[in-house]
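Structure first, commentary second.
Letters A, B and C name the chains as they come in the text, with residue numbers starting at 1 for each one.
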Amino acid sequence: MSTFNQALIRVLPSGRKLVIGIPFLWLFLFFMLPFFLVMKISFSEAAVSIPPYSQIYSFVDQKLQVLLNLGNYSLLGADELYISAYLGSLKIALLSTLMCLVIGFPMAYAISKARKEAQNVLLLLIMMPTWTAILIRVYAWMGILSNNGLLNAFLMWSGLTSSPIEILNTNTAVYIGVVYAYLPFMVLPLYANLVKHDQSLLEAASDLGSSNFNNFWKITVPLAKNGIIAGCMLVFIPVVGEFVIPELLGGPETLMIGRVLWQEFFNNRDWPVASALAVVMLAILIIPILLFNRSQAKEMEARA
Amino acid sequence: MKRFSFSTLMLVLGLLFIYLPMLILVIYSFNASKLVTVWGGWSLKWYLGLLDNTQLMGSVARSLEIACYTAVAAVALGTLAAFVLTRVTRFKGRTLFGGLVTAPLVMPEVITGLSLLLLFVAMAQMIGWPQERGLMTIWIAHTTFCAAYVAVVVSARLRELDLSIEEAAMDLGARPFKVFFLITIPMIAPSLAAGGMMSFALSLDDLVLASFVSGPGSTTLPMEVFSAVRLGVKPEINAVASLILLAVSLVTFLVWYFSRKAEANRKRAIQEAMEQTASETWQAQPKQPQRTPATA
Amino acid sequence: MKRFGRTLLTLSLLGAMAGGAQADDKVLRVYNWSDYIAPDTLKKFEAETGIHVTYDVFDSNETLEARLLAGKSGYDIVVPSNSFLAKQIKAGVYQPLDKSKLPNWKNLNPVLLKNASASDPDNAHAFPYMWGSIGIGYNPEKVRQTLGTDAPLNSWELLFKPENAEKLKACGISFLDSPTEMLPAALHYLGFPVNSQDKQQIAQAQDVFMKIRPSVAYFHSSKYISDLANGNICVAVGYSGDVLQARARAEEANNGVKIDYSIPKEGAGSFYDMVAIPRDASNVDNAYAFMNFLMRPDIIAEVTNSVGYSNANAAATPLVDEAIRNDPASYPPQEVLATLYAIPDQPITVQRLMTRGWTKVKLGK
């Protein structure tokens, strides 16, 4: 290597530090700092000012006074609206994730078994609709599911029902919308995992007399474990906080925490309570993820 | 085989499910009447109207630009983060790092958007940058958000990789960066591609983050659509969506065509190489022991 | 990795360039509602003054407010609704107007200015651009069929009396999904002041809605437009301009649905979309020029003709399309104008109470 390269390497931080440093710095600056801001707001009180919350510290007469308002957090616990909304979100997220898994796994499996050129095409086919904004597609669904929309028109024309079924603005429409929007996010990680499965394992099992059905459940699915977990995480977690889809497709009985948060923030102009809600939401969901990461890390170390 | 036909069936049904609303969208973009309930006959007028609508087309261009940059940056950042999570054995703040990487997924978008906005405002006051919120700030917000997705997908793949290949390469003297680029990346290529496509989609789709951190003159497509659909989707929006679909279909077709050609070329090259060596062996005197040539 | 570095470099250069470009004096940044300006207003303005306008749109007051309250929105002209404007003025978002720079102020309608001053004392910070009322849009044929020929079409009793609501349920009723606009209607109906902060009175207003909740199809602030036009619902409480849009659509679709709009005789809410200049605007002189431009009768009349909402400019009335000018829904007679109240803004605690109560109403418990 040239002397310039060698000199450069001496000056720059070691590869390992760089690899840890870059993402850490980015996330610290653009996620951690903003999160501290949110925590700060969650301890303040709503006020009529720019920005619409009070300062929590003041430096007067060489005395630093920090005033932490815990009222926002106690409000969250006191009103059962927040808890029911959160449970509602969890329920919808869980069911949608399961539905995406049931529908998405066979799809990903079929794609991973296809010819090489076909695979790329199929993947693009699955992703393409997501590149037209979700709103447009949700509006298309509103047109289909409404009382004189295409679905009802079809059902009545074919004689299956005599009066329109109320689907739009109910929880059913929300499920359809969420599965529709998040299916690609389940298929993609599953595919990325399935495509790297070693075919020889399945062949060996077949040679030893195992049926296809057995192969699938005893070999393919356990090997795909990581893909399944990744896909479920990418669907479940965002759906809990989802706002746009329940807002457009859901009815008044669709109680989700995303909408409640939006209301707190925009309708009540109560940034502190909304921030407190966000902090609580983050805490609830992040702890299982941290524990999961920890166990995974220990597993990796055990293997090494 | 039974498994195949069931999963192929699900694939077909799934694709139908995904494409039904898109088909309706495309058909309605040719509807001469602007009402959704009335079919006014076939017409291209909405497409022609797009040529004049610089506002809408500008926002489409902006969205696509941001999405491209986001996909690149998010894949880079997310892969680095995934690498750290799965490979670097011990370092201080490891749990914190793990939390930082996945937290953008958990945080509701309204709060991420608001907090970034406040950060940018505070930064503008303290150090003078960013003076104007715009493409740069939206790109930062999207990258942070999408990197979490990429990290989840790539780390899932990295966890189950067989380390012995990488170790063997390093034993043979390759430096870590070389190992990373020549060996690890090809093995996780599908995950990288998946992460890139998801980031592109997420960035194009995002409404909430962009509403918060954009500035004057930097509206994105979802913002434009959301602010215009009070009276029901305007046909121009349908026309734009159809155009995007058309553009991507073209890209898909090209990808399929070129990979078919590449595959055919590869097969031909292998065939030629085999014939070449076969004829050489036939012609050459059997003086030295022949080693079977390695086939690609 | 190399690609990333190069991209970052390119982006920062672009950012620097974009930052440099703003040194140009002849720019104006406007943030307005979507579909709220005539197609050639901006072109005319640019032609006359040479000022280039960056025009962004929003669809809800809340989005605008979040940007304004975070600070440094970057806009020179914004158009909030009056109830939001009131709060924002108290927070110090806007700068007081120098009326000497607005010679066309005299064109504005003094009655409407007075109504708007409830939110903006002395009209110090903004002028009303468009305004509308929040009344009842209905399908007269269907309603008469259901309730009989003497149905109280011009009274809140049509909806707030449980017996009427029950009968209309089959036909379809909807309300706006907005506690700040709907609860005052109930308060007014019960004879209480619209900006009442009394918990009991607000609870009673909530009760009015609770009693008719089983008969309501949905609460939504824009879905009723297409539903009225299609015949899916037959009575909707909505914005005047939007109901007129529904009427126009039904006519266009030629589906036999006729829509009418009435301002209930007890009085209805009115909203004013106000044009104001944020305190940290960078192109203040250009903003004044634009405001003055919008107060010209010919310009604002064209906006009304194209968006369908009425403007607050008295001098512009003769220039507005006859069909709009003679429509009592858009240009109500003096007696009706007098019964209108501006949508009030409430302190945070009351606001929270109202929003929470409204959620209960929507959930039906």
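Criterion: contacts are C-beta pairs under 8 Å (C-beta built on N, C-alpha and C of every residue); 3 or more make two chains touch, one makes a residue touch a chain.
Computed from a prediction, not measured in an experiment: that's the story for all the values here.
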Whose Cα centre is nearest the centre of all Cα atoms in view?
A
Most remote chain relative to subunit B, going by C-alpha centroids?
C
Report the inter-chain centroid distance for subunit A and subunit B in whole angstrom, where each centroid is the mean of the CA atoms.
16
How many angstrom between the C-alpha centroids of subunit C and subunit B?
40
Averaging C-alpha coordinates per chain, one finds the centres of subunit A and subunit C separated by a number of Å equal to 35
Among the residues of subunit A, pick out those that touch two or more other chains and give their numbers.
51, 148, 265
Per-residue overlap in subunit B, given as positions that touch at least 2 other chains
36-37, 114, 118, 226, 229, 232
Multi-partner residues of subunit C (at least 2 other chains):
63, 66, 70-71, 230
Per the contact definition, I'd like the list of subunit A residues that touch subunit C in the complex.
46, 48-52, 79, 81, 146-148, 169, 251-253, 255, 263, 265-270
Which residues of subunit A touch subunit B once you look at their complex with the stated criterion?
15-16, 19-20, 22-24, 26-28, 30-35, 37-38, 51, 103-104, 106-107, 109-111, 113, 116-118, 120-137, 139-141, 143-144, 148, 150, 180, 183-185, 187-189, 191-193, 195-196, 212-213, 215-216, 226-227, 229-230, 233-234, 237-238, 241, 243-244, 257-258, 261-262, 265, 271, 274-275, 278, 281-282, 285-286, 289-290, 293-294, 296-297, 299-301, 303-304
Residues of subunit C that touch subunit B when the two form their complex
1, 3-4, 7-8, 11-12, 14-15, 18-19, 22, 29, 31, 34-35, 54-59, 63, 66-67, 70-72, 74-75, 222, 225-226, 229-230, 242, 245, 249, 252-253, 255
Per the touch rule, the subunit C residues reaching subunit A in their complex are 60, 62-63, 65-66, 68-71, 87, 90-93, 179, 218-219, 230, 232, 348, 351-352, 355-356, 359, 362-364
Subunit B contacts subunit A in the complex at 1-4, 6-11, 14-15, 17-22, 24-25, 36-37, 63, 67, 77, 80-81, 83-86, 88-89, 91, 93-95, 97-112, 114-116, 118-119, 122, 140-141, 143-144, 147, 149, 152-153, 155-157, 159-160, 163, 176-177, 187, 190-191, 193-194, 197-198, 200-201, 204-205, 207-208, 221-222, 225-226, 229, 232-233, 237-238, 241, 244-245, 248-249, 251-252, 255-256, 259-260, 263
